[in-house]
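What follows is chain A paired twice: with chain B in the first complex and chain C in the second.
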Partner chain A sequence: MNETPVNAPRPLVSCTIDGQEVRVPEGSTILDACTKEGIDTPTLCWAANLTPVNVCRVCVVEVEGSRILVPSCSRPVEENMVVATDSERVRTSRRMVYELLASSVEMDRSEPEVLAWMEHYGADPDRMGPVGERATVAQPVKVEDDLYVRDYERCILCYKCVEACGDDAQQTFAIATAGRGFDAHISTEFDKTLPDSACVYCGNCIGVCPTGALVFKTEHDMRQEGTWDQASQEVTTTVCSFCGVGCNLELHVQDDRIVKVTSPADHSVTSGHLCIKGRFGWQHAQP
Partner chain B sequence: MLWGSNARAAHPIFFHHLLKGIKNGARMWVIDPRRTASAKFADAWLGLSVGTDIALANGVARQIIHAGLVNEEFVEQATEGFEAFAAFVEPWTLEYTAEVTGVPAEAIADLAHGYAKAATAQLLWTLGITEHHTGVDNVLALSNLSLLTGHVGRWGSGLVPLRGQNNVQGGGDMGALPNKLPGFQDVDNDALRKKFEEAWGTTFTGQVGLNLTEMFEAMATRELRAVWVVGENPADSEADAKHARAMLEGLDVLVVQDVFMTRTAQLADVVFPAALGWAESDGTVTSSERRVQRTRAAISPPGQARQEIDIIADLAQRMGAADWGYPTAEELWDELRALSPMHGGMSWQRLADEGGLQWPCPDEDHPGSRFLHGRLWERPISGRRAPFSCVEHRPPIDALSEEFPLRLTTGRALDSFNTGVQTESFNSPIRSGEALELSASDALHLGVQAGDRVQVSSRRGSIQMTISIDATLQTGLAFTTYHFPELADINQLVSDAYDKKSGTAEFKATAIRVEKIAETTHA
Partner chain C sequence: MPDLRFSTETPTDAEKQAVDEVVALMGPATLHLDERYVVGGRQRADQHRTLLLPALHALQNAAGWVSPGGLDYVCRMLEVPPAEAYGVATFYHLLGQESPEDNDLIHVCDDVACRLFGATELMDDLAAGGHQVKASPCLGQCERGPAVLVQRIGQQDLSVVAATKQNVEAALGAQESAASVILPQQGQEGLPLLGRIGLVDPQSLESYREHGGYRALTTALELGGDRVIEEITTAGLSGRGGAAFPTGIKWRAVADQQGRPRHVVCNADESEPGTFKDRTVMEGDPFALLEAMTIAGVSMGAEQGWIYLRGEYPVAAQRLQGAINQANTAGLLGDDVAGSGHKFTVTLRLGAGAYICGEETALFNSIEGFRGEPRNKPPFPTTHGLFGEPTAINNVETLLNVLPIVRLGGADYAASGTQGSPGTRLFCLSGRVANPGTYEHEFGVTLRQVIEAAGGVADEASIRAVLLGGAAGSFVGPEQLDLPLTLEDTRAAGVSLGSGVVMVFTAQDDLVDTVRRIAQFFRDESCGQCVPCRVGTVRQEEVLVRLGKGKALPTDEALFGDLEMVMKDASICGLGQAAASAVRSAMALGLLEVTQ
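== the complex of A and B ==
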């Protein structure tokens, strides 16, 4: 009776991706199959530790017999499915997504992969109109406390923060989308300031933000001063000193000082999520 | 069953796992005098009176027995003392249990049936169970429930004490206990001690030492006159803090090794400034789930702060030990592995590659143990049968009276930690500060409002605090955190009555009186 039960092995399904036959366990998504095959796929709203919400459309692929492109992050592989990930139609669609987003949103502080994909597809936001004339979500930065900065001119509405705050991890439900169409935005209840909202400052929204719209105040301040130097930062994995759960912390260190704390998304204890103490309680290390 | 634990605030990332379970259809009962943040996610909240945990557990046990929900095969094959136990809990009818605990009879029956019928069930607790003068008996009362139902020693079923600090488990594992050597090997076992003596080239006494509470008693009798405190702040954290401080001040020698100039360090004759374990040192910690994980130095220690290993090595040399050198954390770990069989298979490399390992892990091919006590399901069982324990309900020592009519209990806030030493340095937007939380009806009765200053007195001391109203508190119950000893020295109030079996003081049940001290004007 000392065994840990394992789930019954799932039957394998076969599909063809870019001409290669791939066999994956039933229930796997096309994205899973691509990852298994070593085919890189751009994503914005998908994350390993969140449920897909299918809003960004940047991971779309062409499936034979399907009228429209399908989001690979959430479409399960079906037997004998024929998938194309790099067709003209896919490339055009992915490029368009980046161009539309970047025409109204500041993408310059996005994760390096995001910027690399934009270059890969030759995304040119200026096609949507010259700078200064096209509609943008430009707005002042929200700095309402010493921990968080919300810089919504960088927000692409990928919903990751909403998912991390809500159903997928924290279940605090402090933020959601408000408004419609171009006015849609991430908001606290009644647009209250963050300290007055239901927020408990776990920082898990910041942890999943792909575009730098949500950042730690430390990072924001250093960027303002021009001292933020990601290339020189070293990341060390250690264990949080608060409580006995054993959350792994990644300490991002620049010039012998901690500048940011994250947790590995594949860590069995945290799935990449932390609480306010683990995320921000490091300041006693460097008065 | 989350019993005497507010994991939502005190173990937030563990609580994420509970939330996943609830999302997948698990039911949760929260048993706590307060309707906590955790209770908001529960199917049912059982708001028992402080210090009636044994009564409630005995009532649940009787109901399981009377409803015919005992796991008879398990009880017969793996336990002993069932008949005596069944007779012992017989007086605890639903009605009587409800009267003693304040929990409605239907809720007790619902809990008993839900727990007993579940395919798998976890019973989780923290200091709400152990910080009572009946702490050990409380745990035994909960264990009885798992034995009745067979909810132990199986994947998905078990008894889970949630550890409050990142290495309180590891401290015990490494032998920082009065009666144990590393790997929980008894210090008074001659053969085991000999193994250590040979490895270390020395001899040492097999006499069992003192626990923390007993040490303070020994300070009072001057039996104990020199103390070396490593990474602990007893001047703030001990119950009956005034008494504890007097004891520390009366020592001939007090040495404190810490990363901060804590209140205890301020009393010291000598302070060894130490590197911070989790960010400035290589080493290991062991979590609640017995998972040994590596910590790694990411930044350099400030000023004269040194690695704790080096401090100990230097001190040993001054005390006349042969030259220990300055061993690395890995070298010390390998020494431990050679002496502690349950750590034998945990190589330094495996700890990194496999995201930590759960003991026991006796050899390099062993995957680590995800749960304990599986032997209870072997037929016939190997080793000793698990005994039922007949434990009596005994109310808190600090009894309520006309003079001290309110029950004060304590707990953690989400954004703070223990005596605040590590958490006061970041500016949390959700910090509540030091406040005495009262129920609305008690506040009305006392004529106080949120923000009023009050004098809070117990049989041991009296301090000033600010009132806050918690609408979810039961009448007669007051609550506070203990994170701000500089602002509100809660432990001056707390009784140092303690459980003789564990040495843990009764932090959770203090009788207090609250008096308004000045007219406060309200805008």
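== the complex of A and C ==
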């Protein structure tokens, strides 16, 4: 691969997005260019701290000369590319991706942006066939330990947890996609329980999950009890004291109790990823 | 590699031995990895990983499934994380996930052609007879359905054609499949691709040479690589695997990647329902494919050749491996191909029941030991193919055309066929024709002529529709029988020749059921990676199931339109992009009118 020396200025390429000329460094994606231009783009499987897998297709845009729509999150900008982000074709595909997902997956606990985009595109999952007759991924929730819960009827198969557990962060490879087609699902080998698997409980998969399929046990329990109240939670930033690496922690506090721990995705040390001590060690800090 | 955690399950002796044999046989991997760049950022550094699928095949054959102990052993041997290996194993139809109930697992094709000839009844008969039976998508034997594949523990897989309960049961005790290539055109003059089949002994290099074999390689070595590629370009050869991409351009692009290890991959996955032409050639004339691949390799400076053969072709697998062994011994493959100083090896890899692995980038992932999920393109295989290295991937039939091109020269080759579609094409005739089978015709022949050459249909007026190009193709109606079969004419008509499928349906056939089966095929075969296809193919099938039951909703037509649009526009690969094509064409022809 052509390794560019660190800090060497990259040449600029220019493209047109929705009629506006945009110049971005070579190698930037269409999504980068849109962001620079202030054009909001929905994403589900993309995250700043993960390698793009471009599977959800919600970020598609129309590129002149391309037979099909292209995923903006992974397609590099080419000189003189002409991009449309709000054409009829783009709107139809984006709306359909949301409708297809929401017709088969429980999405009500998704990140607020996800819900806002669904509203924006007027997604109506019930168009996809009568409830009860259409296939879904409904299944029992997996509660296997005291730290975290896997609720795969909320899984949109964005691959983020697999990436966070594998090459992109944790290098543990405890979970992977298994099965095929509509039966594809995230699994350990032979669907072993997490305590039996290679999992080291770093919680990095929880950190990246956009739909609430992977959650802290605290959150799961509080939701069951009806006491989970995101709006009332305060977030305090601190530095993890377990070792000398210096990971930033965001403590989410509700009613004077820590209910979950995250790390900012843009933090230079963690890129949003932690280890078991930072992620779950607080359980020792409070009764 | 990270510290991997394995389980405490243990393999049986049979499993252990089977895996050891694969690992020993394949030896230390000899892959040249100069570049690890692959979309998705996954590291392909682990050279053992490419042995994963062969090792899983070995487990399946030893125990009838991929057991926890067996998988754990494979993971230790190859240093693959168990969760990932499980993800790979569960991707394939032919790898069992549960301990088998019986020594034999009988896969019965219930796909579009075979279900016209009693496949569902056969399945019931076999199940009633106490056999372990599984419905299968097209097995590539549609000219003599219903087709059956038997997986057996510790023994070779078996193909049974024109299957009945009796002949399947009789076959179970056999050593190997009763091989029989049927070629209706056998003995006919002037068939550049099929001419040798039935005359040559497919198991003998000597016989191949006696029938003119390996003369094209000699000519190609005299001409030199650049000249060969020029002749291919002059010949106007285009890909026969479905997309009709100009082969000369592809080969030039790979040849130009000098200094990097390059690959030639033969796509012999042939899983498009209705397609069996490549099998005909691989069973009947396997050395021809090897010779063509060797010419490709030496011409592009690629030293590694791979044949990715669908796992359901036991006879072709045996023929090809036999041919590779003989060519190696004769010095026609190896470090010094025919004394030319060029190096070229060929490795045979078997798929394990996944149509999607015919998509070129999914095929690379499958060989590399990953799930057969297509990669986003660009980058294209010519620069980032197998192991991230420059790769020319071609269909079996495309490669075969190299022999007449080298022999005749590109210009003379291009004298046949039409200007826009030079040469000949293989067609797979099935359904309600008198003599189904593989046929070779010059481009430009009409659909009616192709059907008539196959003995025609008892009552031509009864033809309701022809499935052209496969499940990813489209239906055409009887009023289109005079369509000349060329790339340009089919394109103008909004259809495609695809993989050469011509499947004929008449008034007696239930086309609503056929179309629903096609929709089921896409649902079953989607890799599941991208949303438009993973969920879209499910919703499409649901629409057709409702329709078949006479319970279509008033909103279903609009829904289908939107499904078609998102699958075509936003899917990663050709599977999703074409998943609504046949359904749409059936609708346009009025084949889905249900009278209730």
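The criterion applied here is as follows: the second predicted complex is superposed on the first by the 281 of 287 C-alpha atoms of A that agree within 3 Å, B and C clash if a C-alpha of one lies under 4 Å from a C-alpha of the other, contacts with A are read in each partner's own complex, and residues count from 1 in each chain.
Simple rule for what comes next: a contact is a pair of C-beta atoms (placed from the backbone, for glycine too) under 8 Å apart; a residue touches a chain by one contact, two chains touch by 3 or more.
The structure displayed is predicted, hence computed values, not measured ones.
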{"item": "First, second, both or neither for A:Glu225, with chain B first and chain C second", "value": "neither"}
{"item": "Which superposed partner A:Ile258 touches (first chain B, second chain C, both, neither)", "value": "first"}
{"item": "Touched partner set for A:Gln171, first chain B, second chain C, both or neither", "value": "both"}
{"item": "Which superposed partner A:Thr237 touches (first chain B, second chain C, both, neither)", "value": "first"}
{"item": "Which of chain B and chain C A:Glu133 touches, first, second, both or neither", "value": "second"}
{"item": "Chain A positions touched by chain B in one structure and by chain C in the second", "value": "1, 167, 171"}
{"item": "Complex contact set, residues of chain B against chain A", "value": "10-14, 16, 19, 23, 41, 153-155, 162-169, 259-260, 276-280, 285, 287-289, 291, 293-300, 302, 355-356, 369-371, 374-378, 414-417, 421-430"}
{"item": "Residue ranges of chain A touching chain B (in the complex, touch as defined)", "value": "1-5, 144-147, 167, 169-171, 194-195, 199-202, 234, 236-249, 251, 253, 256-258, 267-271, 273-278, 280-287"}
{"item": "For the chain A and chain C complex, residues of the former touching the latter", "value": "1, 51-58, 60, 68-69, 71, 74-75, 89, 92-93, 96-97, 100-101, 103-104, 127-130, 133-135, 156-157, 166-168, 171-184, 187-190, 192, 197-198"}
{"item": "Interface residues, chain C side, partner chain A - complex", "value": "2, 4-5, 7, 35-37, 39-43, 68, 71, 81-87, 90-91, 354, 371, 376, 523-532, 534-539, 542-543, 546, 553, 555, 559, 562-563, 565-566, 568-572, 577"}
